[in-house]
Every structure is written in C-alpha cells, then in structure tokens.
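So, here come the structures, one by one.
In the two complexes that follow, chain A is the common piece, with chain B as its partner first and chain C second.
Now for the complex of A and B:
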C-alpha cells in the first residue's frame, strides 16, 4: 500500500514579516497621531471615527478568538494547519486595552448619557436617570475592565498552551485548550454582547435591542473569517512554506464558513429589523428610522446587498471557494462592507451632518489597523507558524473535501 | 446479456489507483463499490461534476418564489385582513416563510431526485449481487466493476484487473 506523501509540516519558527511589522507600526503611529490632532480640531468627529476603527479591529480579534475556541470545543482536526493564524490574531486583544484609553478620555463627546445635555426632552432625561444604575461612568469602566481581562486571559492562555506544545508535544495541552474553550465561549459571547451594549447601543441610550450584541459580534466574526480567507489565499499564492501546506481543501472550508456566517449575520440583522418593523413601537423604531431615512437609506440598501445577497450567491459556487483570486476578492469585499456596516450602526447616532464623513475616519482606521497588524505580526515572529506537534496535525494535513 | 467483471482490492488507495490505470487505458463501463466514500475515485474516473447542487439550487429558488407568491397573493389580494392598520402585503414579514419554503423544497428535491433519479431506486436487484464474494463490498473490501455487453473481452478484462493488483477477480453474467 503506497501512503500518499504528506508535506513536511515541521516548519522552523517564523522570522519573516519584518516589513509588515515595521510598516504596520509606522502606519499605526502616524494614523493615531493624526487622529489625535484631529481630536483637538474636531473632538466629536475624531472620537466617533476612532470608535468605529476600534470596534472594527477589536471585532476581528474577538472573531478569531471565537473561531479558535469553537474549533477546540468541537475537536476539529482540519483546522490545525491554520489554527496558529487564528490564535495570533486573537492574541492581539491586549493591545486594545491601551487603545481604549482615548475613548475613556473623550467619553463625554461620544456617549450622551455620561453628561446628558439639559436641552434633551424631559422624558429622555427621566429615562437616563432611570438607567443610571447601569449607565454611569464608573460602572462602565469596571465592565470594560472585566471584558478586557476575560478576552486577554482567554486569548493569551490558548496561544501560550499551543506554543508550549510546539516544544513539549504534550497531548495534555490539547485537552486543556478544549476544557478552557467551552466555558470561554460562553464568557466571550456574554462579554461581547455587553460590550456592544456599552460601546455601541448606548450611543442612543433610549433605544434597546436584545439581539444587538450578536448582530455586532457576528459582523466581527464574518470579518475575521474574511481576514483568514485573505491571509490563506495570500499565503497559497506566495511561495511561503506554510502556503504549500495549506491546501485548496482547507481554503474551501474557510470559504464554506464564510458563506455560513454571511447567512448567520443576515439572520441576526433580519431578526432585529423585522421584529422592530412589525412591532412598530415608538421607542423601538427610532434606531431604524434614523438609519433608513435620507442619506442613510442608500447605505442600508448597500449593506443588505453587499453584506448578504451578493456574497451569498457568489459564495454558493464551489469553484469560487477553491479559487485563490475568487475567494480573496469576496473576502476583501466583506472586510470593506463590514466597515460600512459599523459606520451605519455608529454614525447616525452622532447627529453630525449628512454622512458625517471626516478625514479622521481614514487616519483612525489606518492607525488602529496598523497597530493591530503590527502586534499580530510581532506575536507570530519567533514562534512556529503552525502547531507543529499538535496530535491532530497529520489529520489536518491529510484532509480532503468530502 | 450484460457481463460484470469484478475485481476486489484490500486497500482503498489500490482501488483508486486501479480505477485510474484502467480509465487511462481506455476501459469503458468502469464503476467502483466501497463500504464508505472513496476519496479520489471521482477524479480517477474523470466523472463530471455532481448535479446535486444544481438540483438543490433550482428547488430552493422555486420554493422561495412559491412561498413568497403564495403569501403575497393570500394576504395581499385573496383575503386581505386589516391587522392594526399594517399593510396587508408586508414584504419583511413574508421573508421567514419564503426562506423556510425555499429550504424545504431544496431539501425535498435533493431527497427525491437522489432516490428516484441518482440512485435509480426502487431497484431491488442488480446482477453483481449474484456474486457471493461481492458481499465484502459492504464490509471491508473495495471493488472495481467493468460492465461489458460481449463475451470476447471478458478474459482480457479479467487479466487487466489482475495486473492492477486485484486479489480476487470474478465475472457475473446477467441472468436472462
């Protein structure tokens, strides 16, 4: 019996990515500095831009964390060759503790409930008074601390155990990752839900939607799948050693997950929209009304088409999911439309004119993005680019599409 | 009368390899029998892409359209009821049923097309069942079968199967 020859997966520690690390760090520093300058000129516009960029890149990290944990819990084997990429993206989370500080400093420009202006309607002021036990700055800060502690602990522990296994090869570490991931997923979904309530939903503090947390989180999850698709197709097109190990079958699986979660995102968005639309209650419709009138109407339609309908039909194609250029194009587009989706969630709450376009949107995006890319590349350098002694590595190398 | 030249292989890789060699040698009427899906056998035989996704998509599209039209006609035209002054034809409230009827018809078309078309059921009998050895195809062995109408090539085909490494070769003739 002739054994099908498997690629040699015992790759040395990753030493490349130097230009990406330096470029990311430089772009990050420049972007953040320019956004800071923008913050002195137009505090509100700059802080709203920064909030979108912050939630965008943080969402990608948390999405990767959820994917790694879901695979650990399910005992997935196919994903072992790409797991280190997900662990690395997730482990960039602690960076966002530092990046959260500007939002705390400028909190009163962003969240109206911190210092409610007296010209608000009497009813709104009364409602904010009623919500005060939850929506006050000290408790807000305490909750943020809890979120970051939970996320950082999960991401760093999972990555540390996985990296340790590269040298020791202990199967016990795989078991430990699985055991942490099960409660970790519950904690992650709860903290991410409350974080989206605190940072995004409370931009319009009179409005509430219980599915909002999952809607925002799923958007980030789709984004992180798209990011992984982009990295994997890029690696496979280049001549890196890892790119030769990741097969079209692994890429196909990521494409299938992207399709599934594009649908799941649409399910969340639709569930929120349809119930509010059918209920037609004054305190619920305000959020939708603000986002479906005037300049925001075409943006909403663009999101419906670009975040669901078009990618859904494109991703149905098996050939597209197995093609490097095809999947890369759809994944890149998903990363763009995810930003537009967050923009549409955040900006109508700002009461800035029109679409609220401001040059700090670009600088904040590049600033936070550059810093997080640099952090992720920094974490990947010096460790193996895949878990070389994972007990399921061979199953992953052998994986073919059913 | 149809004849089936059967060859048994102990390992899945050998079976796929034999399929590939025989197909490259231009042998017609090749088929494979295996206790579980054989990776690579479709590629070895250069079979066309499966039509199941197309059936599923067609069923899904018709189900979604049908579901939507049914609701739009019943709620909006045939029996419009005023509920809290909402529009009788509400696009968004029709979507869940549209989605569900799309999924339902998609799944049903896969199921029934698979049973009656792709598997050609009901089919209580197939000549290869005549062979007692062939029972291992549902246990632990992998079989290649070559279908042929005439008698002359049988000996040659048996020889070809042996040369690709079949551990048992056997021919069944369709009983009249």
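Now for the complex of A and C:
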C-alpha cells in the first residue's frame, strides 16, 4: 500500500450551519403557519398537502435510520466518515411526533374510514364495518404511538452511543450499536410497513397490496440515499473540513447504493403494478385505474421515466458517480421525483378535481422540510461531524475502490 | 492508529478468514492436491449410493415417458404438484451460488472467496435438476424445443403472455451465465492443475480446459474485467429468475397465489434455501477434504446470518399474506389462509413449514447456534425441508380447494413422484461428488490473493 498521508480526521465539534438552522426554522415556521391558514380555508386540500409533506420528510429520516442500522449490522467500515450525517438525519424523527398532531386533529378529512359518510355504497360500508377491528381511530392512534416510540428510541440511542464514543472510544459502544441495529431493523421494517398501511394505503380503505409497505419504504430509502449524495457532494465542493475527508471513493459507494436502490424501487413498483394489472380484479385494480387515467396518466409515465429509466442509465456511469456536479444533479432530481411519486400515491385518493394542485402543497413542503432541516442542523451543532474515535475510522479513511 | 483504537479492534474484529499461517505453496498443497489422490472409501460409498439413486431417477423418467404423466399423482383440480414444487425448490437452491459469487463480490465481502466455487457448482447442478421437471411435465419432452421461438413450418409460436414462457428464457439465460461465471473463475485453477499434472493425459485434459492460461498481466487484466462484468450481469439475472418463478403463481387470480409480495418474498426464500443447501454440503465437505483452515467458523457464522436475514424476509412475506388475507375482506383469501392451510387436511405440512422456516432460523440470533457445526448442519437440513414444504403448501393447498366446493379433491403423490424427487437428490449428490473429486472445490487462486491482502493488512497494522 502506498504511504499516502491520511487526512487529519480529529475534527472539532461542528459550530457552523447557523444560517441554515435559522433559515430552516424561519421557513418551517412560516410554511407551517401558512399551511395552518390554508387548513382553515380548505381543510381537505391542506391536510392532503400536509400528509404528503409529512410522509416525504419522515421517509427521509427513516431511510437514513435504516442505512445506519444496515451498516452497523454488516460491520461496514467504509462508511464511518459519513455515518454521523446519517445518524443526524435519523435523529430528527422525534420532531415528527409533534408534526403528527395536525393530522390527528384533521383525521376525518383525510381518512374516510374514521367517519364513513352514510351515502357510501352499502358494500363499502359493510367492508368498513368488517375492517373496524383494525381501522378505528383509537387503535390507529395507539399504533402511531408505537411507531414513534420505536423510531425515536432507535434513532436517539444509536446517535447517543455514537456521540459518546467520540469521547471514550470504547469498543463496547460499537458493539451496542451493532447489537441494537439487528433487531432494530426488524422493528423498523415492521413499523414502517404498518405505518404505510395506516397513513397511505387506508386512504382508499377498500384497496390492499401486500408489497405496499416495502414499496413506500423503499421510496423513502432512495430519497435518503439521494439526500446523502447531495450533502456529500455539497460538502466536497465547499471548503468544509469534513468535505476534505470524504473522498471520491466514499461518494462513489453512495452513488452505487443509489443505483442499486433505484433498481430495487423499480422492482417493487413493477411487481405491484404488473401483478395487479394482470390480475385485473375489481377490488385491486381500482387503485391503478385511478392513477393511470386522465390527468394522472402523464404523471405515471413521468415517474416511470424519471424514477427509474433515466436515473438508471445515468447512474451506470462510473464517471458520473465520481463527479460532484453529476451525482449532485441526479440526486437532486431523485428528491424531486420522489415527491412526485408520493403525490401520485396520495392525491388520486383525495377525490379533489384534476391534479389537486393547491398552494398549500408548497407551504406544507417548506414548512415540514424547514423544520426537519433545522432540527437536523441543531442536532449536529456541538458534536463532532464524524465519529472521531470509531475503531474503524482509519479503515474508512484509507478506503479505496477495489 | 491510537493504542485505544487497536485495543477496541482486538475486541471487535471477527474470527479470521484463514486459520494458521500459509504461503502459496501450502495453499496449493491443501487446496489442489487432493485431486490427485485416489478416491477414499467414503467417497466411493457415497458415489455408489448416488448412482443407485440416479438409477431410481432414470426409472421414474422411463415410466413417465413410456406411460405418460398420468403416472404422477396430479390431476384436476391439483393439476400442478410435485413437478412444479420440485422445480421451484431446486431453482431456489441454485440462487445461493449466484448470490455468493456475484452479489457478495459487488458488496466487496471477502468471506465469499473460500466458498464461491463450491456454491457456484451447487447452482449449476441444482438448475440441472430443476430443468428436468418442467421438461418432463410437457408430456412429450422430445418436443421441448418448441418452447423456443423459432420460425418453423408449423407456424407455432410460444405463448409470450405466459410467465411459464418467461421461465424458459430466464432459466436458460441464468444457467448459461452461471456456467460461464463458474468456468471463468476456474480457468486459473485449471492452469495450476495442468502445470502440476504428473501424467500426460491429465495434463492434456486440464490443459484443454485452461485454454492457454499463462497468468500474464494481460491475462489477469482481461480476467478481472470479465469477472466483474459477469457479476454485474448475474445479479439482476438471479433476481429475475425467482421473480418470474413467483409470477408463475402470482399472475393467476387464485387465492393464495395472487399477491403482490410474491416476487421479493420468493427471491428471499430462494436464497434462504440455497444457503441452507450450501451448508448441508459444506459442513461434511470441509471436514473430509480437510478445508477447515480456509472455511472457518467465520464463514459458517456469516452464512447463518444470511439465513437469518432471508428467513426473516420470508417470515415477513407470511405475515403480509396472512394480514392482507384478513384485511382485504376477501372470503376466498381468508379461506385459503385460515381454513385450507391452517386447518385443512395438509395442515401438518403447513405447521412443519412454519417451524422450519420461521422458528428454526431464530436460533441464529445467538452465537452458540452459529458456531456449533453439528447444530448448523441439522438446522440447514430442516430449512431445506421447510422450504420444500412451503412450495407444497403454496401449490397444493391453493389448488385442492378453490372457489367451488364441488371441485375440491385431495392430492396424493405416487411412487413415480417420489422416485423423481429422491432421484434428483441422488443425481445432484453424484454430480457434486464428481466435482469434489476432479476440480478444486475452493478457488485457490482467489484465496492466494486474499491471503496476500490479509497479510498486507496485518503487516500494516503491526507497523503502526
């Protein structure tokens, strides 16, 4: 091995990001306030906008949590220099407990099964009566409590142990992170699956799909990989100390993961679409019919092209994955198309006219997003921007593509 | 590196990948030399048992061809039974080889090196067994070439809308790629065998298959590129094969078959059973071929973890199926899962499936289970049994009680069904024994490379 000198990774606690913190908090407050006003004017439209924004940003946090845990379980070493970023994004999860309250207050505007209108068809009412043991407000609330407890506990514990290791360097803390991550992944996948059933699938309470949980979760996971790519390319383009430590090889690995999970997402989406389309059973196919007719048809085609075909061929390029501008552009686009995908999942269920465009989509997105960004930056300030005493830090610094 | 970090690493580092100190000479000796030795009595005994079983397979095939597939137990309504169960089971077993050789290569997992050759060979032999069943089920296998789309005077084209047709393309592509991948990896080792041959005849045979390999930098350069490209190609292929197998079922509208989770859940189940089969074969092989220094407890532990992961995905699939069967409010779905499967006449197989596929792998959460070789072997056999039961449950229970009670009927396999199943197991074993005898079961060249890397790392660490 060549005797290239390793960069000094013993970075001091992060003190920057002040403008991002304040800007995020201000945008968050303004966006949430405007969405609240929108909620008084047009409750249904505003709540649907808010639901998409909520699931979008929450999905990014949960995706980052899954990535951190998967690396812990696998005993990965290359990722140490970027692990703190993932831990920080994941640790923003408790914020969403507060942000969930508006959805609870307006639940009956969003989920038709909470208070089914009597003019629904008799079969539908009977079906909702049948599903009542699962689809009732109290149990819905209890499940949400469980989800948030599990997610917050996992994200906060993993971050806390990792931060504590910055001081002590104990091997025990690495072992704890690994030991928690294995059952943690099981819990995360189960809770995220049922959360997607509760919050998204039950928007059309007669519809069902066994792969839906994985499909929604994979969407968020792709989003969080894209977010990490964007942050890493941004850091490497700027003059931050962390940006000098993260090498093109680390960025390349993130790009490869993005490529793999763009494919995996397409696999989920295609499995769901093709099997339901081919089966053509009235109970199931309504979901697809609603999303492939009229104004939704071009949106669906856009998702096929933009969420899979185009990024797939672009990301095949090794040069692109190692280029800061190139990967940043694809990652930014993935974050846009992920929103469109969620929009396509949620909005056709709203029975609002056309695409259901409403100004609260913008305010809700900025509101929830600003608050999440502010929370993440707040968590990063005052701690080291990478796990400086991780036993495998040196492996990560030395990492080169084979 | 700081002293504290080194201390922490000593506590955390996993078990070694290669036990003991070796150089290229000792590795050559331990990994290649047994090819020259005379067969052991144990090997011969197993080989004759395998040949006997293969005779049973031939008898089953002869009866099927002479009298027709009426000799099998399947009939309306259970028109698909052992044929497709065994096909799916064998194809699934094959998946582990490709996962180890291709996907773990892309994930830069070093532990794959000692076991990839072995697992790839298993893939090829398993796919051969799998291919027998649909061909025999054609009824007139001598027309099997009609499955391929070629312009013929009959003007008969295959039904492109059927996933069974896609199986033909997927499986044949998969087999070709796996064969190329396996052979490419073998070339440097075949050259080693050629160079070490004492007899002219063996030197000639190994020399032909080594296609002029001299180990020059140019050869290695091309070899590495080809290997990585084949790995990249094999990865989507291995996912596609079991995905399409799952579509054989999911594309229909039969309760218990038509569900969207099938593709990922089938792929995970395939890898699950494949790893179990690798362990079933490897635990005795590493002992009798004296390979414990390169197939260490670290490898067995890593493989048990993969089985735990894929077993959990399979359990997730079961959970989703059962939950949605209730949640959908569809009475046929509920009937299949909560009556036919859980309380019907085949419930014994259903509960055996739950025990083997869900309960048994949970023991792999604990290190004692992952490191106890005897326990691992028992568990791996149970998992293979469980995965066979899963296919039985899926295929037979959904068919034997469909929408109309007047259609319901029981299914009983015949002796021909059983002789085909056990015959393929014996044939598989025979092929495997031949592989162990005539080819290096561990990728010796790759292992030498790995030893170099590990030694380098060790020296680096010692310097600091």
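By definition in this document, the second predicted complex is superposed on the first by the 400 of 402 C-alpha atoms of A that agree within 3 Å, B and C clash if a C-alpha of one lies under 4 Å from a C-alpha of the other, contacts with A are read in each partner's own complex, and residues count from 1 in each chain.
As a working rule, a residue touches a chain if its C-beta (ideal position, glycine included) is under 8 Å from a C-beta of that chain, and two chains touch if they have at least 3 such contacts.
On a predicted model such as this, the values are computed, not experimentally measured, just so you know.
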Problem set entry | Fit-or-clash call for chain B and chain C when the two complexes are aligned on chain A | clash
Exercise. Touching A:400, do we find chain B (first), chain C (second), both, or neither?
Worked result: first
Exercise. Of the two partner chains, chain B (first) and chain C (second), which one does A:391 touch, if any: first, second, both, or neither?
Worked result: second
Exercise. With the two structures laid over each other on chain A, which partner does A:131 touch: chain B (first), chain C (second), both, or neither?
Worked result: second
Seminar exercise, completed: Chosen between chain B and chain C, the partner touching more chain A residues is C
Exercise. Now for A:258: first (chain B), second (chain C), both, or neither, which partner does it touch?
Worked result: neither
For this session: Applying the touch criterion given at the start, work out whether A:334 contacts chain B, chain C, both or neither, answering first, second, both or neither.
Result: neither
For this session: Go through the superposed model and pick first if A:277 touches only chain B, second if only chain C, both, or neither.
Result: first
For this session: Tell me which partner A:174 touches in the superposition: chain B (first), chain C (second), both or neither.
Result: second
Problem set entry | On chain A, the residue positions that both chain B and chain C contact, one per complex | 1, 278, 280, 402
For this session: Please name which positions on chain A make contact with chain B in the complex.
Result: 1-4, 270, 273-274, 277-278, 280, 316, 318, 400, 402
Exercise. Hey, which residues of chain C end up touching chain A in the complex?
Worked result: 1-2, 4-5, 7-9, 11-12, 14, 108, 236, 239, 243, 247, 250-253, 258-264, 312, 316-317, 320-321, 324, 327-330, 365, 456, 460
Problem set entry | Touching residues on chain A, where the partner in the complex is chain C | 1, 75, 127, 130-131, 134, 169-171, 174-175, 182, 186, 189-190, 193, 197, 206, 208-214, 263, 267-268, 271-272, 275-276, 278-281, 283, 389, 391-394, 402
Problem set entry | Sites on chain B touched by chain A in the complex | 11, 13-14, 17, 37, 39-40, 53, 57, 84, 86, 90, 92-93, 95-96
